[in-house]
Amino acid sequence: MREIYLYQAIQEAVSEEMRRDERVFLTGEAVGPSGTSPTRPPKEIMEEFGEHRVRETGIVEQMLAAGSAGAAMAGMRPIVDFMMADFMFPAWNEIMQAGLWRSGHGGAENISIPVVYMSGLMSYGSGGFSHSRAPIANVWHGPGLKVVLPTTPYDTKGLLKTAIRDNNPVVFISHRLLYRTQGPVPEEEYLIPFGEATVRREGKDVTIVALSYMVNLSLEAAEVLEQEGISVEIIDPRTLEPLDINTILVSVEKTGRLVVVDEDYIRCGIGAEIAFQVQEKLLKSLKAPVQRVGNLNTPIPVASNLMQAVMPTKEKIIAAVKKTLV
Amino acid sequence: MREIYLYQAIQEAVSEEMRRDERVFLTGEAVGPSGTSPTRPPKEIMEEFGEHRVRETGIVEQMLAAGSAGAAMAGMRPIVDFMMADFMFPAWNEIMQAGLWRSGHGGAENISIPVVYMSGLMSYGSGGFSHSRAPIANVWHGPGLKVVLPTTPYDTKGLLKTAIRDNNPVVFISHRLLYRTQGPVPEEEYLIPFGEATVRREGKDVTIVALSYMVNLSLEAAEVLEQEGISVEIIDPRTLEPLDINTILVSVEKTGRLVVVDEDYIRCGIGAEIAFQVQEKLLKSLKAPVQRVGNLNTPIPVASNLMQAVMPTKEKIIAAVKKTLV
Amino acid sequence: MTLPKNLLQKIYRDMIRTRTLDYQMIKNAQSGKMPCGWHSGLGEEAIVGPVSLLGKDDYVTYTHRGAYVWIAKGMEMEDIIAEFYAKSTGCAYGKGGTHIAKPSLGIFGRSGMQGGHLPLAAGMGIAAQMRGQGQVVLSFFGDGCATRAPLHEAMNYASIWKLPVVWFCENNGQSMSVKQDKTWAIKDIAQIAGSYAMPGKTIEDGNDVIAVTEAAQEFLDRARRGEGPALIEIKTYRWRGHYEGDPMLYRTKQEINEWMKRDPLKRFEQLLLAQNLITQEGMQKIQVEADTEVAKAQKFAEESPDPLPEDAFNAIYAT
Amino acid sequence: MTLPKNLLQKIYRDMIRTRTLDYQMIKNAQSGKMPCGWHSGLGEEAIVGPVSLLGKDDYVTYTHRGAYVWIAKGMEMEDIIAEFYAKSTGCAYGKGGTHIAKPSLGIFGRSGMQGGHLPLAAGMGIAAQMRGQGQVVLSFFGDGCATRAPLHEAMNYASIWKLPVVWFCENNGQSMSVKQDKTWAIKDIAQIAGSYAMPGKTIEDGNDVIAVTEAAQEFLDRARRGEGPALIEIKTYRWRGHYEGDPMLYRTKQEINEWMKRDPLKRFEQLLLAQNLITQEGMQKIQVEADTEVAKAQKFAEESPDPLPEDAFNAIYAT
């Protein structure tokens, strides 16, 4: 099978869906033909669609988020590119509101709000406190949104196409450290349903749950641990909402040990939530407390060694796994 | 001791601190002499301070949040009244940013951002999806903020005075159903330090952790349970950041059972976080899975029976406690 | 006056219907039996005029005083009152309350965060423009809500993209208890149109139904022709408090009385009578019909069943 | 020309210092050894003039091209370069990076969310007004950032409260890769002053240091007198890409060359020479001093120690 970069998987998904359905349009800063957003479709393809379907803007995140929800309710299918995940913050109210509209209508006339809020995590660079945040737990916390964090080019393309066809607001978060990773992606069309976790690595001693770039960090940790005779299973839920808790439970039932790795602030985070759901069902199967590795509730510093002190690292994942084994 | 209403406790704390320190000012919608905000100081006292220190505004939450952070960095000590907790959403980016400034400065020159973001939870009315939210977990998730949710008039006054004197951004959340509850409050000045939980009710079988109005609901549940011979201990942390996890651990060590009650969306919520910290330390002491009662990840409907289906109730707390006992 | 006779009659009828509904809802709010609070629009009904210019396929956004918009856009009284009673028969099955929605009439609810609907309206304009069938968006908002940040982004992009949106500011000089001199540095809000290279018009006498409707007509036509957005501001006044129960410490009885003398409905009535577009009997008939309509809807709402608790979770996601 | 001689000389010197620093930072960014990226302000140095009018106690906010502001407001080169190298000796001890802060000079960092500093500036204006000692705020922002929502709230309240804030738009016609015709419906951004009842002024030739400085002087004086905010817009241009490494697909070489001919520094130099306010030798001396200063700071930054990992957590809360 051909191999493509993850950013190409995004571009293909967007262009294919734009061709397939003329209600789909793309909007955001720097999505135009001269733009630099990694998620914009290639120049030629944008020229195919014209200004009404590739709506480049300045810095107007509130307009992008709420305007697109309005267009969606009025029958369009917008894809919003926020570039950096941090840029969801200025539109936080509007993104949260997108999850509320349908319930507020009581679902009358089967109203739908098919909008995709796309962005990339910028962590592990020198962006500092406001250009490297990972607002994952907070969007998952908000009701009415679906939340997708793909790891591979294959998953990215299949899940993004599903997102664009979904009739609900979907927050779709990729990762700058993955844009230039390659992977097999078939030429033929395929979709990946939401709510199906995948086992990235089989193992028997400890279960790790991780998404996006955290999967790669965890895989690295697992290699090291294997050499020490510790066998790690890695589950990638791919979508948080809906969450395939079952695949996680099956794994933890087998291993009796769980580590959740998540690059967002750790407090009230993904680790806490998954741990809760696991102890609720499997308290007595847990051989050790669940561990979590995440941002230690700290605005991210610029200096690399400080940033590493705050953020998940391979070493911290290894230590957390070992903690479940003592 | 004299008894006063909780809203009076707020007014006293604000007025006393404004008298004590001329850098303190109050700003927000409807905080002026004709305003209806329950948190505004009484008319006469506002006239004492004049327009520069009681800055009434229209609907400008972003200006209120960020402007006050700016005034704070430049040496003032603003108190922002957002009225409803929901109205933090339009300023979400700015409130989150308030928690980042100091770290971003590296704490240089011991910069401080003494601003209080005050609001009230409006739940259990007919406000629906956007006038009854409880954005608690998400503010706790954000680093650099302190988070206070008082329950009694006594705690409200003592904690609010501490908040106003704190050199950091503090999110201070009261509750509409508590404004007109009465309680003893001494005439003399007192302060309550952050990070000290209080035991609202002693018991031996099950520990409940709850804040704000959830304490009252839990107390009602405990009464019923007592009649069935179940002894409930209720811990009110009063501040989430800093969190007095110790008092909770001591109680759970005794009871072996924990229920967390929280009116915010349950996913990635307070229940998940506290459960995580408890299992981390006390996994083997837990006689049953931790239970949580919260908003079932649903935009809040207006109809009372639907709203009750979604939100914590006395009955659901009772059921959750019993679940830890089977 | 260029407005057709039957349009004027329809406007009059809808003003009466709206006002009758409004009085009923005030009573309901005072009764303590209606779960939702009421923001009365009495005194601001001139707005019925512009809404009457819209087709079913056009879009509107409305404020918390939206009764005139719902009615003039074609909603049934039942849909509205039952929703305020949070009944299973309301337009949102008792889930949305005051945030009235009717997608098939281009009414997509209301964000409780004031000003939240301004970019929403621009987005509906995107849909209208892409579809290319001459649909327009008429977006109402108050002077208070107009100070909110998203206005800037929404108006700017509506103009850059020449979206078919007519912005309509109901300036009643008050934002809850706060008067305009504490919420705006300027007096005429339509002045902000200059920041967005669009035409702006302040209608000083915003209770003049004809003037208000004609201004809207001009800008709506322009928008339908693809010439982009425009901004209308009307100066008007709400007779009642911000909400039923408002102590109204911020204004005098005299101020209210002054404005009640400028009642848009009474003045429109005089004009219609003078021009023989209506008779005393005709007026009475319309009022009786409106009374009957409201009474029927009220009864319907009161007698409708509550929603079922298990339905609390069934509207979160579309399939 | 009313500006005093020694001020003009200081401005010239700081323009040279800024430009020298800018060239060094471009080199640093290209070297791959500096952790933080660089947004060059080459071509926009006229802004040094207005900043030079401020005292130590006045406040500024700056954009991501803030070097001219930091330098003219009095920061040391060491503080800046070391912070871009994320060293323990930087102004934020390596934690803040590009978001340079120096509270004692009225520089409170920068929100990475563009436009976030506009209400912040208004807030500093509140502090200045309450303190009543004639302090002012000079708030810089780009044409791109000016489309962000909070501008509306910040400018409105600065005007309502007559806060001593001078808003200063560096309009280089570009927001990343997006040209102004895609980000604004209007051409002259100062026009928005009308929405906030404040004076606004567009300086078409924004590379004319004198014109820019004099306009700022007028508005700063006015603000100090308590007469409220004002808005200046200058038309200028950035010679470099949005960031070092920008492929610049959105503009032509020719456009860049046209603007490089209007170099604010060279033109100011000609003027100073013509008026005998500087000599060729003096110019050379200033350049040599700037070179030495930058080289010294560069060495300091490179040789400074990294922060200690345990310090990652020590600045979150003040005590």
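Residue numbering begins at 1 within each chain, and the chains themselves are lettered A, B, C and D in the order written.
In this section, contacts are C-beta pairs under 8 Å (C-beta built on N, C-alpha and C of every residue); 3 or more make two chains touch, one makes a residue touch a chain.
Keep in mind the model is a prediction, meaning the values are calculated, not measured.
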*By label order, what chains touch subunit A and subunit C together?*
B, D
_Intercentroid distance (Cα basis), subunit D paired with subunit A, Å_ = 36
_Approximate Å spacing (C-alpha centroids) for the pair subunit C, subunit D_ = 45
*Cα centroid separation between subunit A and subunit B, in whole Å?*
30
*Would you please write down the residue numbers of subunit B that are in contact with two or more other chains?*
57, 60, 62-63, 89-90, 93, 97, 103-104, 106, 128-130, 143-144, 297-299, 301
*Considering subunit D alone, which of its residues make contact with at least two other chains?*
94-96, 99, 111, 113, 116, 147-150, 153, 156, 182-184, 316
*Name the shape of the chain contact graph, picking from line, ring, star, complete and other.*
complete
*asked:* Quick check on the complex: what are the subunit A residues that touch subunit D?
replied: 29-30, 32-36, 56-63, 86-87, 89-90, 126-131, 296-299, 301-310
_Residues of subunit A touching subunit C in the complex_ = 23, 25, 52-53, 55, 57, 60, 62-63, 65-76, 78, 93-94, 97, 101-114, 143-144, 146, 167-168
_Sites on subunit D touched by subunit B in the complex_ = 59, 90-96, 99, 101-104, 106, 108-109, 111, 113, 116, 118-124, 126-131, 149-150, 153-154, 156-157, 161, 314-319
*Which of the residues in subunit D come into contact with subunit C in the complex?*
147-153, 156, 159-160, 181-186, 191-192, 194-198
_Give the list of subunit D residues in touch with subunit A in this complex._
35-37, 86-87, 94-99, 111-116, 144-145, 147-149, 175-178, 182-184, 246-247, 249-250, 306-307, 309-313, 316
